[in-house]
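One chain, chain A, appears in both complexes that follow, with chain B as partner in the first and chain C in the second.
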Partner chain A sequence: MTREEILKGLIEILENTPQVDSKKLKNVTEKTDFLTDLEVPSTELINVIAKAENKFDVEFDDDDIDDLGSSVSGTIDLIEAALNNQ
Partner chain B sequence: MMKTNNLTSLVGLSPNAVLPHGPSKVYLDAFLWHDPKVGVVAIYTAREKDTLDHFGVFRGADQIEAFGQASVVAGNAFISCVKKEIGFSELYEKYNFVFMSMGQAICKSFIKLGDTAIMHAHFDDYKFRQMTSSGKIYKAPKEFDLETYYKTYSAAKFKKEEVPTSYIEVSEFKDLKGRGIKNSLI
Partner chain C sequence: MNKVAIVGMDGVFPHCKDIQEFEEKIFSNRSLIRNWDLVASYDKKIRTKVAGYATPEETGFRKFSNGLPEEYPMDLEDMNGLIPNANLATSDLGSAWAMKASLGAIKEAGWTKSEVESEHTGVVIGTGAGGQEVTRKIWNLFFDHQKKTRALGSSNVPRSMVYRDAANVSCLIKNKGVCEAIGSACATGLGSIGYAYRLIAFGLQDRMIAGGTEGTALESLIGFDAMQVLSTKFSPETSSRPYDVNRNGFVCSFGCGIVALENYDQAKARGANILGVIDGYFNNSDGDGNMFAPSYDGQERLWKGLSNQTHLHPDVVKAHGTSTITGDALELFSIVGQLGNKGYHVSAPKSQFGHMLGAVGAVEVIVSLLMMKKQMVSPCLNSDTLKSEQEFFQTKDNWQGPKDPLAAYRDLLPQLALAKPIDQIVCLNYGFGGTNSAMAISKA
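Let's turn to the complex of A and B:
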């Protein structure tokens, strides 16, 4: 799966996250930040990651999330690594 | 890695050993019932220091702190300890468990000097060391034997919020969130 496809999948998750303003999802890129650009509540980030587990059929460990910041690229890295480890 | 814990429940453990807080900030006296997947019952008796300069009443903010210590700190840290097979002190060398947000707080009665706050904290959600908890604080008549009562308590009763008729509801908290984060982030 390409990073572009992962990004598209993440945007679909965000489109289905009530706390996210869909108007802000027009030009999400790898440089976008969940908190500062999309204003995703920090408590909601965990749920976005959990939805990513389901969507991409991967599993993260608690420790995987420890160093995960709030950038879209960091989340794509996490998903890509999990996909590659399968 | 050597397994350094044989944790099965919070019951019987000293809150001072379970929580990362120093003694002056521990708002739990004991854990009376605990199901790691369901919730925890903990108690705290209001002391002089807790009601000083506050007309003999344990503050609502301190009730929230006590409730959070029982749930999103102790209940949350317990899960990490079991997963990692380590003890609490080893866990706190790397992580601390911080409040993130609070939904609703409804205060209905008072915990006064000498009253025991009985916290029923449900574990609503847990993912990646982030826990969401809701529940109630009660108080009971002084003569009520809490320890004996909770010895035979069950998850089924807990989920239905089945409590003795002599209990008085003091407060209710919804969607209290806390998360275990690396100490380096604090």
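Let's turn to the complex of A and C:
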């Protein structure tokens, strides 16, 4: 799976998250930040990560999530690494 | 003690899209009870077949899967766009109804934004059940499907905590006063309004949003079905039949009732439309160690406590009247024991919409306010035949109540809505644990 495909999947998750303003999702790139750019509530960001595990059928280490931050690129790194470890 | 006015009301009611439809159906003698497909899908595993519920199209709230596993507690969408998504993210169905009804009650009250957001505005809303629909699903994911906790979602606590309804309403309206929940089983709705009344009467708050809510949940119904206390074998519209000789249990129902209370002098000064005045509220316990059975002594003390607070001259007694065998009979005897057998009528709204558990006391306060507005007694549907022999407990040596059988009090129970002058109504609700609540309300 390419990084572009992972990004597309993340956007699909955000599109199904009512608290996220759909207008903000038109220009999401790897440089986007979930909290500062998309204003995803921090409690909802936990759900986005859990939904990503479900969508991509991977499981993240708790320590990796603790260190994740809120960047889209970091999240794609995490998903990509988890997919490569399967 | 400050005088307390009721200045707004709204709710979510079975088989109704809004309070106007509810009012129209109540006073045209309609039943709001239906067969429930979800119950039927479990076939013989559930004894009862009927319930009082509102569909997503009626309430405006739709559940949808949010991208986690299918069993995950669902997100809610407000199809009418009244409640922001950020608030829906922390609410279960009952809380969402409470938010919608609170906005309706505040709108009718005519409170300004600064009044709502004041330190002198409080919220007291309770529920009978503990968010079982949410907790069942997250527990299944964790214990049965061995999921990590983050797969359960981050909003399960606010969606299932005991005072979730009060908390969600408070976060929506941004009041800065009290925010609490009262829990007293089937007396919760009236108990919440009673507690809110005291906060204003004692000068601790000026305005209160108060009531009860019970979101549709099969998880709530099956517990009562297990106790074999739910109505069986009748058609939906005849299944709830308080006081009738053939009654065999209550109809489990779901809904929400919210009222806006205000210091009477302040409401009067600003020219508010006052729907009613709370004359007094009293609550107590049976004290007989029995979790389930009603107590004549407890209800007698309840009436005495209420009468110590205000002059009682009820034109209507809005009874708890659930359609259970012992509860109905003992309640009617305790009413007659206090008021005699004439000069008032007994209204049993559960005959029309069933028993909304923690919401019902508040919904029945709304029915009572509607009775005063329309000057009509809501009916006791299906009370076709009253028992002409004494109840077993009336024959015991220690029985202190009336000796006549229920049939002696036929004239108290109108089977159809009845027009008459109504100035004061006494509202009664009781709950498991032997808790009893009574409130007297009157016209402004």
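Definition applied: the second predicted complex is superposed on the first by the 86 of 86 C-alpha atoms of A that agree within 3 Å, B and C clash if a C-alpha of one lies under 4 Å from a C-alpha of the other, contacts with A are read in each partner's own complex, and residues count from 1 in each chain.
What we mean here is this: contacts are C-beta pairs under 8 Å (C-beta built on N, C-alpha and C of every residue); 3 or more make two chains touch, one makes a residue touch a chain.
Here the structure is a predicted model, which is why all the values come from computation and not from measurement.
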Item to complete: Once the two structures are overlaid on chain A, check if chain B and chain C clash or fit side by side.
Response: clash
Practice prompt. Return first, second, both or neither, reflecting whether A:V58 touches chain B, chain C, both chains, or no partner chain.
Written response: neither
Item to complete: Look at A:I79 in the shared chain and tell me whether it touches chain B only, chain C only, both, or neither; answer first, second, both or neither.
Response: neither
Discussion item. For the three-chain arrangement built by superposition, which of chain B and chain C touches the greater number of chain A residues?
Written reply: C
Discussion item. Contacts for A:T43 in the overlay, against chain B (first) and chain C (second): which applies, first, second, both or neither?
Written reply: both
Worksheet item: Of the partners chain B and chain C, which touch A:L10 in the superposed model: first, second, both, neither?
Response: neither
Discussion item. So the two structures are superposed on chain A. Out of 149-157, 257-265 or 419-427, which stretch of chain C collides with chain B?
Written reply: 149-157
Worksheet item: Looking at chain A, which of its residues have contacts with both chain B and chain C?
Response: 41, 43, 46-47, 49-50, 65
Response to the item:
chain B contacts chain A in the complex at 80, 83, 100-101, 127-130, 177, 179-182
Worksheet entry | Complex contacts: residues of chain A adjacent to chain B | 41-43, 46-47, 49-50, 60, 62, 64-67
Response to the item:
Note: in the complex, chain A contacts chain C through residues 13, 16-19, 41, 43-44, 46-47, 49-51, 53-55, 59, 65
Response to the item:
Touching chain A in the complex, chain C uses residues 66-69, 75, 77, 85-86, 88-89, 148, 150-151, 153-155
